[in-house]
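Attaching a single structure in structure tokens format; questions to follow.
Each chain gets a letter, A, B and C, in the order it is written, and its residues are counted from 1.
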Amino acid sequence: MAYLLKGVSILGAAPVDLYIEKGVISGKPVDGATVVDATGLIALPGLVDVHTHLREPGREDAETVETGSRAAALGGYTAVCAMANTSPVADTAGVVEQVWRLGREAGLVDVQPIGAVTVGLAGKQMAELGAMATSAANVRIFSDDGFCVADPKLMRRALEYVKAFDGVIAQHAEEPRLTEGAQMHEGEVSTRLGLTGWPAVAEEAIIARDVLLAEHVGSRLHVCHVSTAGSVEVLRQAKARGVRVTAEVTPHHLLLTDELAAGYDPVFKVNPPLRTASDVAALRQAVLDGVIDVVATDHAPHAVQDKECEWSYARPGMLGLETALPIVLSVFGPQWDLIADRMSIAPARIAGLDGHGGDLTQAGTPANLTLVDPAASWVVDPAGLASRSRNTPYAGMTLPGRIVATFLRGEATVLDGKVAK
Amino acid sequence: MIKHLRSAADLDAATATLILDTAAEMAALSGREVKKLPALRGRTVVNLFYEDSTRTRISFEAAAKRLSADVINFSAKGSSVSKGESLKDTALTLQAMGADAVVIRHPASGAPHRLANWVEGSVVNAGDGTHEHPTQALLDAYTMRSRLGRLDGLRVAIVGDVLHSRVARSNVLLLTTLGAQVTVVGPPTLIPLNVAAALSASTKVSYDLDSVIPDSDVVMMLRVQTERMQDSYFPSSREYSRRYGLDLRRMKQMQEHAIVMHPGPMNRGMEIAPEVADSPRSTIVEQVANGVSVRMAVLYLLLGGK
Amino acid sequence: MAQPRADAPSKIILEGSDLSRVVDRIAHQILEKTSGATGTVLLGIPTRGVPLAHRLAARIHAFEGVDVPVGSLDITLYRDDLRLQATRALGKTELPPGGIDGLRVILVDDVLFSGRSVRAALDALKDLGRPSSVQLAVLVDRGHRQLPIRADYVGKNIPTALSESVKVTLTEIDGADEVKLIGGLQ
């Protein structure tokens, strides 16, 4: 099907009529194209999330590839990288191919599996990274996310090993001995609440170690969900030295602080934990500076019983796919080039997703894009989200920016704010 | 009056003083032949205990019964709690049973806050994780006031594992609210980095017990678990005891009127020497008796009215 | 029960020396009825019953040189209407050193109305000991009893409407002696 996006503004530029045909941006008008009135709407390259938990296989009660894909499309995403901490763990070609195939079947976003670095995420023995890389899933990002690859020798080897197929290790930076039993950011609030602290240094120490290792072996490193001002400084210095490191931050770390733990509602429990207002400020600046390359959701659905309980017993994590762009918009305002880079172009580059994050002004660019109404605002209602889970920390908040439509290779996955298939 | 007692921070000075004054009346009445008072007749108090604490449970039970409330003990042993029923499901059961108050002891910090979302009655924190134990702080304050006549301006040293102590947290909050000057003392590993900013700006920190003792009206010793040794908080019981234990030599440095407190259970020979625990300065036995009066006051003030 | 509004019209029934004379009269009646107030204890019901009990004891001493022990009996925990109001602070309960067992207890209160306070006082008293008899002295009886209770000594009977209320103030607590009738249809 062909589409005419009438009066659309590409990244805030003057309105144009944009034609889509045969999966790509068309350079000339197309007869019989379905007209989408895009007056006042902004076209962004389809968003790419390098950090999504889809929970399938294993916890289909919390999310499936299908429900997660719907949430992603509604959030403006055309590609998501599915983390490996499923059950079974995505540490073999078989599991990553299964996830990849489920994504294709859902057909709403490109689901790009991330492979585990170590067998069973146990941090002991390297998984068959090469087999995953050459599987149908074509894995490029490897991560034990949820756990840190804490063993420095194993981390060094993994960084080296993936060079053979241009892979990247995405590190969940958390020194495990410094965070035993940790429940929230270590600071005034944790002292007041009597919750075991997760000190910032536990993240910063691992990032510092890993940028030195990456530098030493000349490998690429990606740092997941950077959460502290100190981490930003370590990354800033490493980048200045030319270390091949990229980093992501989550929308929630750009907005929320540890004060929210005061009522012990585990909807605010996440790993790494919500930090202080000065960390939030440093992270925002790092996104503006490019020290942080990517905003990634760390979309982490959890079943009701895993959140409606005592704080210490609750699982960490927050929904993110359907609220990421509105949060980023509320934090940075309509800086569309910045948003497109941090949420689409840079993540597509890091994940090696060639058809994503393209230039929408060029004919022939794959038609992976999303249309946003920046003037619309909406109130987050957990029950109204497409995710199977309800653990959004933004319930009741009014957010700017409504996703009106999303196109994956020229086909509408979302139209009028609803899933189109 | 407040609805719940989840934290000592729920209490302003007027409310805390009202509780202490009410406790004094309760204490005066408890000397009588007939110990029961009819005030809470027809009210149901549930003791929901996820941790073994016979002392605290019995204290709350005695308090509720002396006010003629019906008491239901719901303990982790021998109930659905041990079969893994969630706190929320348990709360809904208690709600259906018509609990007017739930007294909860729980190993997870903040469990009383969660519970208060799911029951209509009052929630009383009887100790949650490493967070708070507000009725212990109230009975400590009551004991200090009975012995020393005031709280305002009193210099109180709280000594030991402040980091993991719910008693310490509640005491710092309550005592500073009532005008006392609190110094927390212990090895730096067991004192939170930001205790004054987190709890109360006037709180002082010292790592040197000997320098604090001569200036203190109250020396409150906290229980120190020997397991902390395995986790490198301090090297050995012997070294801990030598640096932070209250022995006879240190007790002799105390002022004439100064008292020694301990929330119990004590590690005799570790944080407190037996001769100190049994000395006339020690209020340890009074603390137990005062516990019932203070808990009667709390239950009455939470449940006695509309 | 509906309370009169704060700005409702009011009428002073007793003040200053009138009130003292009424107290004197009750003291005389007690002496007369109890053959010199021997074996007698006065228990004031907080708040205003307590200073009244002390005044009665002082007057009895002045008239006859007899020392009548005085105490206070708080009834809060025994009230049957606790749950109808916000939680009330407790008053003091203090028995005289000789206790009450085997003695004649005279309960002292400011106003007798429905009789429920007196019933609560009788319940409280029963938990404290076993007096040989119990009597009741009140400054004002305003009628409208809901229970079979009457006073042995009444300072002043004030017929009232239910829409009215009687307010007693005493120097010890309020800074002035006064009995006022407030509200009603005038």
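One rule holds in what follows: contacts are C-beta pairs under 8 Å (C-beta built on N, C-alpha and C of every residue); 3 or more make two chains touch, one makes a residue touch a chain.
Model, not experiment: these values are computed from the prediction.
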| item | value |
| --- | --- |
| Farthest-lying chain, centroid of Cα atoms versus that of subunit C | A |
| Per-chain CA centroid nearest to the all-protein CA mean | B |
| Centroid spacing, where centroids are CA-atom means, of subunit A and subunit B in whole angstrom | 45 |
| Centroid spacing, where centroids are CA-atom means, of subunit B and subunit C in whole angstrom | 40 |
| Between subunit C and subunit A, distance of the C-alpha-averaged centres to the nearest whole Å | 75 |
| Interfacial residue positions of subunit C with respect to subunit B in the complex | 74, 76-78, 82-94, 123, 126-129 |
| Touching residues (chain side subunit A, partner subunit B) in the complex | 183, 186-189, 191-196, 263-265, 305, 308-313 |
| Residues on subunit B engaged by subunit A in the complex (per definition of touch) | 86-88, 106, 108-111, 113-114, 128-132, 166, 169, 192-195, 197-199 |
| Of subunit B, residues touching subunit C in the complex | 1, 18, 21-22, 25-26, 28-29, 32-34, 36-39, 67, 300-302, 304-306 |
